[in-house]
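Here come two complexes built around subunit A, the first alongside subunit B, the second alongside subunit C.
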Partner chain A sequence: MEDKKRLTRRDFLKVAAVGTAGLAGACSQIPVTGKDKEKIVVGMSRPLSGPLAVIGDSAFRPIYETWVPEVNAEGGIYVEEYGRKLPIELIVYDDKSDVGTMTRLTEKLIVEDKVDFLWPASGTSFVFAQAPIANKYGYVLITAEGGATSIKDMLPSLPFVFVTLSFSDWYQLPVLAELLGEKGAKTAYIVYIADLHGIEYSGVAGIEFPKQGIDIIGVKSVPPDIKDLSQIIKEAKASNADVFCCFAYPDQVMPATGTSMELGFNPKAWVGGPCVNFGFYHTTFGPAAEGVLGFTSFSPKQSAAAKTLADKLYTGKPEEAQDWWGHPLYWAGLEIWKQAIEKAGTLDQAKIRDIIATEKFQTVLGETWFDNGLLAKECHTGEIGQWQNGVYEVVGPKNMATADTVYPKPEWPTGGG
Partner chain B sequence: MLVTFLDIVIAGLLLGGLYALIAMGLSLQYGVARVLNISHGEFIMLGALTTWAFYTAFDINPLAALAICGPLAFILGFIIHRTLYKRLLNSSGSLALFEGNSMLASFGLMFIVQNLALMFWGPEIRGYSYLAFPVDLAGAVFGANRLVTLGFAILIGLTFYFFLTRTRIGKAIRAAAQDPAAAGIMGVDINNVLAICFGLGAAMAAIAGMLISMSYPVHTGMGLEYTIIAIIVVVLGGLGSIPGSFIGGLLLGLIGSIVTYFEPGLALAAYYVIFILLLLVKPTGLMGKS
Partner chain C sequence: MKHKPRLPQGLLTTGSITLTVLVLFATLPGYASIYTVILLAAIFMYIVLTLSWSIFSGPTGYISLASAAFLGTGIYTSAIFGKMLPLPVVVGIGGLASFCLALLAGALTLRLKGIYFSMFTFGLVELIKHLMLWFEINLTGTRGRFVIVVDHITVYYVMLVLLALTILTAYAIRRSKFGLALQSIGEQEEAAAHTGVNVTLVKVSAFAISAFFVGATGAIMATRWTYIDPYIAFNYLFSFMPVLMAIFGGMGQLYGPIMGATVFAYLEEILITRFPYFYMLFFGIILIVSVLYLPNGLAGLIQGWQKRVWGARYVHP
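Presenting the complex of A and B:
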């Protein structure tokens, strides 16, 4: 009996010791598991295939593929709540350039994968569809590719959505109209793609051009799958307009350029985009790109920060990868996101949202802030660009220009490239 | 007025010539080899991007790339038929079953070819300027490259027609198109003929791709829309009829051009309307056998 009691006591002590240690360990672990965050998981639905892959792969993709490794190389983003830096991990799904698939993938990222943050899909109509979803779940969404003329009026009801890219009436076309008006342009012919992007741009041009004394003497919408643009270019040529605008995607702007050359249509100003702003436009058309106008937001000549960014993104890479319109704005958007998380000291979306909405940040653009959900136009470092001597110069607005607008544009080079 | 008319008709023929070439290739594959080749457009894409790569990297004239792309695509198509589709043909119980199976297989082939190309070339739009200057035809102006494209399309179409009607292997192909079983009994090496047809179809697609790259920007995702046009033209022209595909292609180009003159957005819709009307009125196609 005695033996048994002693054994029991010893056993009890053993068990108690192990148990207490275990419990202590467990107790000490409970708060740790709550705070134990290894990484910040960011989810994206992107057009890795399909017609928009051309845009996605040249625009936001090179930005996040450069920015994320750079931040992670420094250990990640410091979050006070966890007392340390957390690296970023990306989950990227392919939406095949389909809006419906993108909306499903966005919900999946939020509801199923429970990502910490959502990064943007690609394209104007995609932003339009994704913004309400992000807002519904209280996820901050800083957009990349895509204009926001239509969504602009809805932004007050979408407090979690922030638009980085410049677009038609923010503040590209007013600047374009002023530049062309000053140079003496009187008439314009507009071709636009029959989707939200084209409708927004042609609509805004219809307001801004006449203000500067430019009459719109022809407007034609084209479907995304159009092959032969020759009849439209012929009509534009017959109209004798000073300005030709092609508000469409590369699939239309590239053949519109080729067809203009083939048919000898050389208006005083040839404007096209998004497309002219990409390096692949220049590599395709070479000297024929001279004088063609497009949209832009920076030039490495403007500041040391702009030059550093351009060197980081483009040095040692093929020219095709360049995008003079979106890149600095997307980069600034990511910088703002990082700084807001650091300031908030937490991954709480609502707190981060409040900081992004109200505070100012130092980015590649200089002092940067959002103005009612849009990247303030005072932060833009350019709106209109033009190919001059193989360089995509900022020509408008004038206070940021790196070169004067060449008007009328030179003749297309003759013969084969 | 006359100039406008010329403009529309010639623009239609320029596009139609390309359609004709694409459709003749598919017609061989579907009409004779009985493979509704959904990956047809991918061979167009391969031809186009190879031409672009040769031109930009090695400065090889796009028209000279014809001599490289055509034979390469033929060999590729021939091998694919001898390995993939011949197995399917042997394992499928009936011709109807084979048509279904081979179509599914060609879907797979489409994804494989497209993704390999995507890995190799990426999704960027590619293009180059070649013969991009105006030519005046009785007051109507056209790009020189497009006229060259039409010339080539007609030349290749005619060559091919004579090949089918005047040569022994052409005769075997026509026999196989009419009745593969009977042709086999009469001593035609049917497996060989079908593989040749599939290879020739791939070669025509690649040549069409080469011509397309001279006038239009190209990218790895461009194939499917051309496949759809080719299917419409093949049905329009009549299954298995090469002249039917040629005429159907030109006709579709003309219709597209006329509709585009009035409303560009309706061109594709017009193609489908014609497709539906044809199925209702003459399901065998313009030159198909009832």
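Presenting the complex of A and C:
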């Protein structure tokens, strides 16, 4: 007995000692990359696996994967300090859609890899977690996926953080309310997802809709993993509201659309959150998508620049990959970043930050600037979109519109589905 | 005669090696890079999760998927009390809150066996997640919370202390009558009850003790996460990781889960940073290979090797 016990303990300790020494050795031997000015090193922690991968892969990833090779093909970004163009090198880590891993990898990029720049993680809550870290180390962070009313209150304390994506009161819902009010909508029924996104959108709608004479006659929150929306759609149908809003994500907006068709719920306006703006909404529902309203930020019909960008991103790719809301804003964010480096003539974050914060830039959106850390709403080239004849048109605000709002929307097609 | 002079020598070795390891880790922030410290704190977290999981699930065979619930409870404790109370108190509360949750959940459900118990514990994670979501939306009007930021070195030392405590507790339990009772529950619960073991009390208390360390870990690690919401705090990833790590390491020995968590966490770090696009592929292959060829985990591998070198009689079953 004692022999065994003694040996077990000793073996355990041996293993522990060897393991520890090995671990400590391995950890301390990770090479620290010095400042190599052959290139501009940009680091990112992205959800390449896990539940957020589907968002990250369709939103910001196609943008940087198109933009970086384009810039590098021209030799890179001219930095006066070095008297030459420096190509961009990307370091991409997988955060597994886990915030703890994301914050750790962000710090790894900054303190160990000593990257020259940080590009954003994916998702609103990830932006909330990453922004204070970037700010603490004095790294400029131009965000991509993610934006929320509550980030507005934080931005004054985060001078290094710039938010590109438009959101509820910046400036989507005021435009939506105005459009619907003008068309004579009187009542609205709102379904929202019980998370930050849904709460904010339903909250802002609660302020903006009544301003335009639209009464909110029903509000219902749904948990993110709801599968059957038929009770809620029945209730919305019974309310006879002119406008139906589903402020939620694809996992809810897709079934809400299907259930509305199934139950013959034909409000005069059907508004869906982040989902309607993607190409896959159209490829899924085909002609049934006709007249559905959603959020957007551009249309290739608006300008030559917009058309060039749309061609660059979407030509030869499946329609599913299209995102008419986020893509141009992320693209503009990268353009601003490049121009700010060129203007600063250095890779000094603080100087670049000051330029981004105070100057105006020429991007795909036209003249573009940040207003207290948010992409100025005057720069948005659209807020509300509508599927018309298989094309996602910009219908609001009116001075940007590529088509007039169809109201009431055509009824769902019956029979063929 | 043969044994007596050796026992103190063994103790001496134990003492000196433990001390060396402790000194090595305690002085590490002095000479290692800051990221080594950050990474080690994360690896310690996984070791504590895995080892606490194996304190209860190892001997009893009750596969608990509640780790994420306990971790999340600790995380929320930190988010709520972090700004008002000193850090050690917050960590203590995090541990106690998880301890109480495990007591309650354990008392209610440890009559369930096998897959039913696993399903319940997994349901617990979802239940608390949605309870927090409802609470935050309807009562506090927020959804996410910012967690007070604590510097790396402090987080590292707190994790080191928690790790040491978890190892000590796991060791003490294995060596005690209590541990023997747990083992007998795993082998044949009815027989254990007949031999006079208060099975419910033993199971519930082991479940709660293991939850304490997970909760305390959540409370300290949350400070590294900056911002949390119910989805982030109650991430089911943290229910499955400890199980995978313990299986990978092997549950027969105390060092099994420790090795499993360390190797797994370090491997993952290498994969997500060096081969991010193939992380899942490599990870899957490694898992399949280890399940096929290492049925007793890394610990089993080491034992097999010991058997060959020293002969079977020295190897603890």
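Quick note on the criterion: the second predicted complex is superposed on the first by the 379 of 417 C-alpha atoms of A that agree within 3 Å, B and C clash if a C-alpha of one lies under 4 Å from a C-alpha of the other, contacts with A are read in each partner's own complex, and residues count from 1 in each chain.
Throughout what follows, a residue touches a chain if its C-beta (ideal position, glycine included) is under 8 Å from a C-beta of that chain, and two chains touch if they have at least 3 such contacts.
Predicted, not measured: the structure shown is a model, and the values here were computed from it.
Once chain A of one complex is fitted onto chain A of the other, the partner contacts of A:Ser49 extend to both subunit B and subunit C. Of the two partner chains placed by superposition, only subunit C is touched by A:Glu112; subunit B is not. Between subunit B and subunit C, the partner in contact with more residues of subunit A is C.
In the superposition on chain A, contact of A:Asp57 is made with subunit B only, not with subunit C.
By the touch criterion defined above, A:Val99 lies against subunit C but remains apart from subunit B after alignment on the C-alpha atoms of chain A.
Applying the stated contact rule after C-alpha superposition, one finds that A:Met261 touches subunit B and leaves subunit C untouched. In the superposition on chain A, A:Ile199 contacts subunit C only, with no contact to subunit B. With both structures placed on the common chain, the touch criterion links A:Ser221 to subunit B and to subunit C. By the touch criterion stated above, A:Ile133 is placed in contact with subunit C alone, subunit B being left untouched. Of the two partner chains placed around the shared chain by superposition, neither subunit B nor subunit C is touched by A:Pro69. Of the residues of subunit A, those at positions 48-50, 194, 221, 223 touch subunit B in one of the two structures and subunit C in the other. Those residues of subunit A lying in contact with subunit C across their complex are 2-4, 6-13, 15-17, 19-21, 23-24, 26-28, 30, 32, 46, 48-50, 92-96, 98-101, 103-105, 107-108, 111-112, 125, 128-130, 132-133, 136, 194-196, 199, 221, 223.
Taken in their complex, subunit C has these residues touching subunit A: 3, 6-7, 10, 13-14, 17-18, 20-21, 24-25, 28, 31-36, 38-40, 42-43, 130, 133-134, 137, 143-144, 146, 149, 221, 224-229, 231-232, 235, 237, 253-255, 258-259, 262, 266, 271-273, 276-277, 279-280, 302, 306, 310, 313-316. Interface residues of subunit A, counted against subunit B in their complex, comprise 48-51, 53-54, 56-58, 194, 220-223, 225-228, 230-232, 234, 250-251, 254-255, 258-259, 261-264, 280, 284-286, 288, 320, 412, 414-417. The touching residues of subunit B, counted against subunit A in their complex, run 7-8, 11, 14-15, 114, 118, 122-134, 141-146, 215-217, 219, 221, 225, 256-257, 260-261, 264-265, 267-268.
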